[in-house]
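A short write-up of the structure that comes next.
Think of it as A, B, C and D in the order they're written, each chain with its own count starting at 1.
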Amino acid sequence: MTLHNVRSETPRLGVAMIGSGLMAKSHTMGYRNVEGMYGSSPYRPHFAVLADAKENLARSGAESLGYGRWTADWREAIAAPEVDVVDIVTPNWLHKEIALAAIAAGKHVYCEKPLAVTAADAREMYEAAEAVGVKTLVGFNYLRNPAIAEARRLVGTGALGNIWTLQGRFVLDACSDADVPFAWRFDRKLAGSGALGDLGAHVVALARALAGPISSVCGLSRTFIRTRPAATGAFGYGSDADLGAPRREVENDDATTFLMEFASGASGHIEASRTATGRPYHLSIELIGSKGSLQFVQQDIHTLRLYLDDDAAEHKGYRQIELGPAHGDYGAFWPFPGVPIGLHELKTIEVHEWLSAIADDRCPDGDFKEGWLVSEVLEAVERSVAQRRWVDVEKSS
Amino acid sequence: MTLHNVRSETPRLGVAMIGSGLMAKSHTMGYRNVEGMYGSSPYRPHFAVLADAKENLARSGAESLGYGRWTADWREAIAAPEVDVVDIVTPNWLHKEIALAAIAAGKHVYCEKPLAVTAADAREMYEAAEAVGVKTLVGFNYLRNPAIAEARRLVGTGALGNIWTLQGRFVLDACSDADVPFAWRFDRKLAGSGALGDLGAHVVALARALAGPISSVCGLSRTFIRTRPAATGAFGYGSDADLGAPRREVENDDATTFLMEFASGASGHIEASRTATGRPYHLSIELIGSKGSLQFVQQDIHTLRLYLDDDAAEHKGYRQIELGPAHGDYGAFWPFPGVPIGLHELKTIEVHEWLSAIADDRCPDGDFKEGWLVSEVLEAVERSVAQRRWVDVEKSS
Amino acid sequence: MTLHNVRSETPRLGVAMIGSGLMAKSHTMGYRNVEGMYGSSPYRPHFAVLADAKENLARSGAESLGYGRWTADWREAIAAPEVDVVDIVTPNWLHKEIALAAIAAGKHVYCEKPLAVTAADAREMYEAAEAVGVKTLVGFNYLRNPAIAEARRLVGTGALGNIWTLQGRFVLDACSDADVPFAWRFDRKLAGSGALGDLGAHVVALARALAGPISSVCGLSRTFIRTRPAATGAFGYGSDADLGAPRREVENDDATTFLMEFASGASGHIEASRTATGRPYHLSIELIGSKGSLQFVQQDIHTLRLYLDDDAAEHKGYRQIELGPAHGDYGAFWPFPGVPIGLHELKTIEVHEWLSAIADDRCPDGDFKEGWLVSEVLEAVERSVAQRRWVDVEKSS
Amino acid sequence: MTLHNVRSETPRLGVAMIGSGLMAKSHTMGYRNVEGMYGSSPYRPHFAVLADAKENLARSGAESLGYGRWTADWREAIAAPEVDVVDIVTPNWLHKEIALAAIAAGKHVYCEKPLAVTAADAREMYEAAEAVGVKTLVGFNYLRNPAIAEARRLVGTGALGNIWTLQGRFVLDACSDADVPFAWRFDRKLAGSGALGDLGAHVVALARALAGPISSVCGLSRTFIRTRPAATGAFGYGSDADLGAPRREVENDDATTFLMEFASGASGHIEASRTATGRPYHLSIELIGSKGSLQFVQQDIHTLRLYLDDDAAEHKGYRQIELGPAHGDYGAFWPFPGVPIGLHELKTIEVHEWLSAIADDRCPDGDFKEGWLVSEVLEAVERSVAQRRWVDVEKSS
C-alpha cells in the first residue's frame, strides 16, 4: 500500500478568539486558509478557544468556526496555556481591557480597529505591548490589498514625483435608514466616534501608508439621523429594527469629512459616512503627484489605476493595471492577473503578515503603534470639529 | 419654377463679442446654432462686431467667426447702434469695466465666469444692471446639462428626501507641468483666485442650484508650482512655454478644497484644481439625500446616475439614466436618448435660455445676481483659508 | 471710427439639402460650423435650397435651418445653378435616384448611409460618379471620431502587432417597444435590410477602416417584433405609435449578428440591433492584436482605451487615453484633452473633410466606393443568413 | 474552570483530491470554509487523501492543503475506505478514467470542467453515475455567482419578458505571448478543444442556465499562434517558457466565437479566447429581453446590472444592483451588500451546494448530465467550424 501519512513540521500556534461576530469569522478564515493559499506557513494555527459574552454565541461560534473550546469569560480564554495569540474582535470599548490583559499574560495581540475609543487608550495599549515585548497587529485589512502594496511601491520609487494631494473615502449606507436600531456603534462610550472611527480609521491608515504622517486637520461632522429605535442585542451591521422600540439619541457622527495637511507638505481630504444612501460599500483612494497619479476603488479590487506623465504624448492616460502575481501577495491566490480577491481573503493576507512577523520576531506592518497614531488623527479631527478651526495632530509619527 | 424664397419673421438681435479666444468661439457657435437646433428661436442673431485688444486677433476672429465688423477697442463695439447684446469673453479683470460700460449703454450683457475678480465688483455689476433694467447672464454653462436640469427637478419633487451632502469636483491637469507659462490666470490682479475662481465657480453655481445657499465654508489652498516661466501673450489654456524665460511667482491657488454648510442644514465639500495630474477634464457632482442620491460626471454627459431607496429590495441600486428628450433641453439635439452632447452644445442651450429670457422679459437662470452670490462664496473660502477656520458667507441668498 | 468691415475671401459653395429630417439638421450644422470651429475653411457654404416632398416640412426646414429657398421637388433643387453640392438625407430608397440625377447634373454628392438599398445600386452610383468625375461622400460619421483617427494611426504604425480580431457593435433600443409604428425603416423595399443596413453599415465601415477588407461572413438575423402598427408619416426615430392602427408585417431584421473573416486573416464579429432593450445608443469597437489592443465606446467619446503589451510588466493594463489636440481633428474643438465631442460635431468634422477634398480635388475618406463596398458586405451577410452557411463577399476591396 | 469542550455532531465526509494544482487548492479551500462561512454545514469534510502523479507534488500538496495521506496513484486514493467523495482536478483527458473508476467504487464524484474530451465520453460518465446512483458535480463555479442566482430568478419571474438574445464572453490573455510553452491545454488528445472547451464550457453552462437548451450553432475558430516551445511539466496557467525548446504545433483553437439558436427561439453568440491581448480575465454575460435586460461582468462581481422597461419614463436606465444578502448565497459571506466575493469563495458556494445535494439525496445544480449537455454544444461548435455552416446540437436537453 502506498498511501503515505503526511507529517507536517509546521509549528503550532494557539489562537484565542474573543468575540464571535463578523470579524471573528473573518479572522478565523484567515488563520485557516494561510497555509493552503500560500503553500506554506510559519505556523499552523491551533483553534484553541473562542470566547463570547453570550454563552449561546460562544458555543455556536466555536462549533461552526472549529474551535476546540468555548467560554463566556474572555479572561479564561487568555489564561488558557495553549493560547499563544489573542484576537480581539469585540466592540471597540472592550479592546483596551482585553488587550492589556492579554499583554500582561505575555500573549501576542491582534486587535480590530479602531484600536481604542480614545487616543490615550490606544497609546497605553501600544506602550504596554512595547514594554512586554509581545507582537501586536491592528485589523487595517485594506492595507493588504495588492493594489495598495503596489501603490506604496510606486510612491517609494518616486514614480509619481512629489505627492500633492490624497483623497480618501469610505462610505456606506448601512445606516441611511432611520429605523436601523441603536447598537453599540451609535454609543459614544462604547464606540468612540461614529463613521469617523469606524470607517475613517481605515482610510487614515491608508493615507499614512501612502503619504506619511498627517500633521493638521479640520473637519465637519453631521449626525443626520438624530434618534434610532433602542434595541438590545443588535450588534452587527445589518441587524433589523424593532420599530415599536423607544428611540435613543445617537451620540456620534453619521458622516465626517476632514481636510488635512501632511508633514510632507501634501494635502487632501478624507470622507467617512455610514449614511451614504445608495453606496453600500465604497472605499476609494486617489493620490495625485507631480509626475503621476493613482486611483483605487475597493469594489474594483482587481485593478489599480495609474497615470504616468512621462508616457508618450499620444498615449497618456490612466492605465488600468490588472493586479496579478507581480503585485503584493496576489500570487498566493491566483497565477494569472485580474481575478477579484474577496474581502475575507484580504484577512488571509493580514494573517500571513501576522504569522510571518511573529516567526521573524519583527513588528508587523500596521501594529499597535500605527493603531495609536491613527487614533491621534481621528481625535484631532474631533477637536477641530468642536472648535471649528484647524488643529494640529498631537503626535503624528 | 417652384423654388420658393424663404422669408423669416424671426427678429434680429445684434451681438458684440468682446474677446476672440476660446469662449468667443463657443458663444458664437451657440448663437449660430440655436435656431437650427431648436427648430425656432426668439431671435436670429446678427453678428455685428467682434472686438479684441490685438488687431490681428480681432480681424481673424471676426472673419472666421462670421462677424460683420471688427475693432481693437471694445468701447466702439459697445457703442455700435446695431448692437443689442454684449458678450464679454475676455480675461476676468476686464469683465467689470466692460460690463459697466455696456450696461450704461443700455445693452444686455452676457459675461463669462467668474463674474468679477472680487465679490464687491460682482455686486456692483449686478446692481448696475438691476438699476438700468438690462438682462444679464453669466456663463455657468454646466447648469445647462440635461442631467442637471433633471437633477434639479428630482430635488424639487422631493424624490431624494432631505439633501444631506453634496460633493463637487472640477479638476484639470492643464497646469500640472511646471513649465506651463505664467499667463493671466496665475496673476491675482488679473484673475482673482486661481483654480478656485476659474473652476470652483462652476461647481459653486451647480451646488447652489441643487442644494441652495451656502452659509459657511472652510478651505485649504495650495500652490504646488510656485514659479512659472514668464510669457507674454500666453492667454489660453494649452499655450506652450518658452523655457528660457525668467520665472515669475504664481499668485493664486493651484488647488483649493473647501468644506461647506448650506443654509438648509446640508453639508459637503468642493474641490477645484488645475494641477490634478492625469485628469484633463473632470467635473463631477454627488448629491446624497435621505431617500435617494444622484451622481453626475461631466465626461459621461449622456447619463445621470440616480439611486432611489424605495426601489424594490432586490433591485436597489444606482440606475444609469440615459438622458433623452424627457430631460432638460436634450430633445433639441436628438430624438432618442443616450447621445453625448458636446460642451459647445451646452453653450447653445445657454444661448437659447439667454434669448428666451430677453424675449420674455425675465431674468435668465444664472444671471449677474447669481454670479455675484457665487463670488461671495469664493471670497469667503479665501478668507477661511487665510484665517484657518470656518467663516460665514457674507451674503448667501 | 475704427469699426472695420470684414471682407472674407473664402470662396462660396452652394448647398442643396434634399430632406429635412434629423440628418438634414446635422448636415446643415456641419456646414455652418466648419469655419468657426476650424478657424478657416476651404469654402464658405451658401445655403441655397432645401427640398422635402412635403411642402410644410420643406418650408419650415428651410426657415429654421437657414436656407434661402425651398421646394417640394428635389429635381429643382439639383437644377438650381447656385447649387454646387447636393446632400441626400432622405430615406434610403431615394438615395440612388437623387444621386444619379445630381451626378448627371455635375454636382458633388454627399449622401447618407446606407448608400443604397442593394449593393448593385450602390455600385451603379459609385461608377456614375467616377465616370463624371464629381466628388462623393457617404455619411459614415463615426469614422470621424478622433478616437478612430488615432486607432487607425496606431494600426498603421504596427503598435498593435498583427490584428487578430475585431468586434463591433451598434445596438439601440429605439424599436424594442412593439408599438413603435411601422415606418420606412421596416419596409424592405424602402430601407433594404433593417438593423443590419441602418446600424451595421456604420460598423462595417469602421471595421474596414481598422482591419481592411472583409472576405467572408456568416450571419444570424432575427425579427423579434413581427408586426407593428401601420402609421402614415412616421419617418424618424422616436415617432409615436397610433395604437389603434392595423398592424403591418415587419419586413427586415430587428437584429443581426455576423461572424467575419478579413482578407488579412483577422476574424471577428459584428452585431447590429434596433431592439437592444435598455441600450438606447451603444456603438463599440474592440480590436485585439498580437502586441496590443484597443477599445472604443461611442458614448465615452472622450476616450480611447489602449493596451500595449510592451509596457513594463508591473504597469501593464489598458490605458484610458483622454483624446485631445494630438488626436484626429479634436483640436478644432478644444485646446485641452478630455472634453466630450457631440455627435453633431462629428458631422462638422465630416463636412470639413468633404470641403477639403473638394478643394484639393481628391476623394474624401468614405466616398461612394467605400459606400458600395460596405453594401457588398451587408448583402453577403443577408445571403449567408438565407443559406445558413458562410459566404464570400462579392467584391471586397 | 469554564472552558467547555466543543462537540460537533456534524457528520464526516471523507474527501479524496486527485490532482494538486490550482483547482485542487480551490476545491480544498471550498470544503474547508463551508461550515465557517455558512455557520453550519451538512458535513464536515475529512481531508483523507490527495493524489498526484508526481510524488513531490502529491506530498507537498497534501501537506500544505492539509490532507492526512498522499499517494502517486489515484486508484489507491479512490479505494481508500475513508473516502466518500472523489474530486477530479486533473487535466481533462484523465477525467473520464478517474470518474468511471470512482463511480464503480460507489463514490460521489465532483469533477472539473470540461467534463470530458468528447461529448460521447461525457455521456458515458453521466450514464455510469446514473446507473450506480452516486451524486455528481461539474466545476461550473460561475453558476454560483450571487449575480447569476439573481439573474436566473429574474428570468424565471418573467421580469425580462421574452428572452431575445444572450451574449457571453470568456476571454483571457494568458496565451497571447507566443512563448507561452506548449502544455496539455494545447494538445487535442489531452485537452480536447482549446479556448472553446476550457473557457467556452463555462459560458455555455451559464447560457443554458439563463436561456435554456441551445439547439443549433455556427462557429469560427482561430489558432493565432501556431507553434509554441515544447515544455515538459508545464501544466498550469502562467508557467514560464523555455525559449530554447523546440516548438510544437498547437492542436486546438486559441479563440472561438459562435452564433447560436436556443430551443426557445432566442439567439445569441459566445466568444472564448485565450489570446485576448490586454484582457487577463474577462467573463461577461448580457441578456436582452422584450421587457428588460441584464449585464454581468465577472470582474465586477459585486454588481448585476438590470434594466426594466416598466420603470418610470424619466428614470429608465440600467441599474447597478449591489449584490447582497437578498441574492443567492451572498449572505453567507457578508451581512451588507456590495462586497466583492473572491473566486475561491465561489468554490465555497459550489461545495456548499455539493454537500447539501449529497445530504438531501438530490442532484446538485450542474451535475454530470449538465456537463454532458454542455459538451454536446461544444462539439457541435467544432463540427460547424469544420463544415462552415450551421449544425444542430446532437442532444440539447
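In this text, a residue touches a chain if its C-beta (ideal position, glycine included) is under 8 Å from a C-beta of that chain, and two chains touch if they have at least 3 such contacts.
All values derive from a computational prediction rather than experimental measurement.
Visitor: Any chains in contact with both chain C and chain D?
Guide: A, B
Visitor: Which chain pair is joined by more contacting C-beta pairs, A-B or B-C?
Guide: Most C-beta pairs in contact, of the two: B-C.
Visitor: If you average the CA atoms of chain B and of chain D, how far apart do the two points sit, in angstrom?
Guide: Using C-alpha averages as centres, the distance is 54 Å.
Visitor: Just how far, in Å, is the C-alpha centre of chain C from the one of chain B?
Guide: 33
Visitor: Can you work out the whole-Å distance between the CA centroids of chain A and chain B?
Guide: 42
Visitor: Out of chain D, which residues touch more than one other chain, so two or more?
Guide: Counting only residues that touch two or more other chains, chain D contributes 279, 303, 317-318, 322.
Visitor: Classify the chain contact graph as line, ring, star, complete or other.
Guide: complete
Visitor: Quick one: which bits of chain A touch chain D in the complex? Just the residue numbers, please.
Guide: These residues of chain A touch chain D: 1-6, 8, 22, 25, 28-29, 32-33, 35-40, 49, 59-60, 62-73, 76-77, 80, 172, 174, 236-238, 279-282, 298-303, 322, 324-325, 333-345.
Visitor: Sort out for me which residues of chain C touch chain D in the complex.
Guide: The contact residues of chain C facing chain D are 162, 164-165, 167, 176-178, 218-220, 222, 224, 255, 257-259, 261, 267-269, 271, 273, 275-279, 288-293, 307, 309, 317-318, 388-390.
Visitor: Which residues of chain A touch chain C once you look at their complex with the stated criterion?
Guide: Chain A residues touching chain C: 150, 303, 306, 308, 311, 313-322, 326-327.
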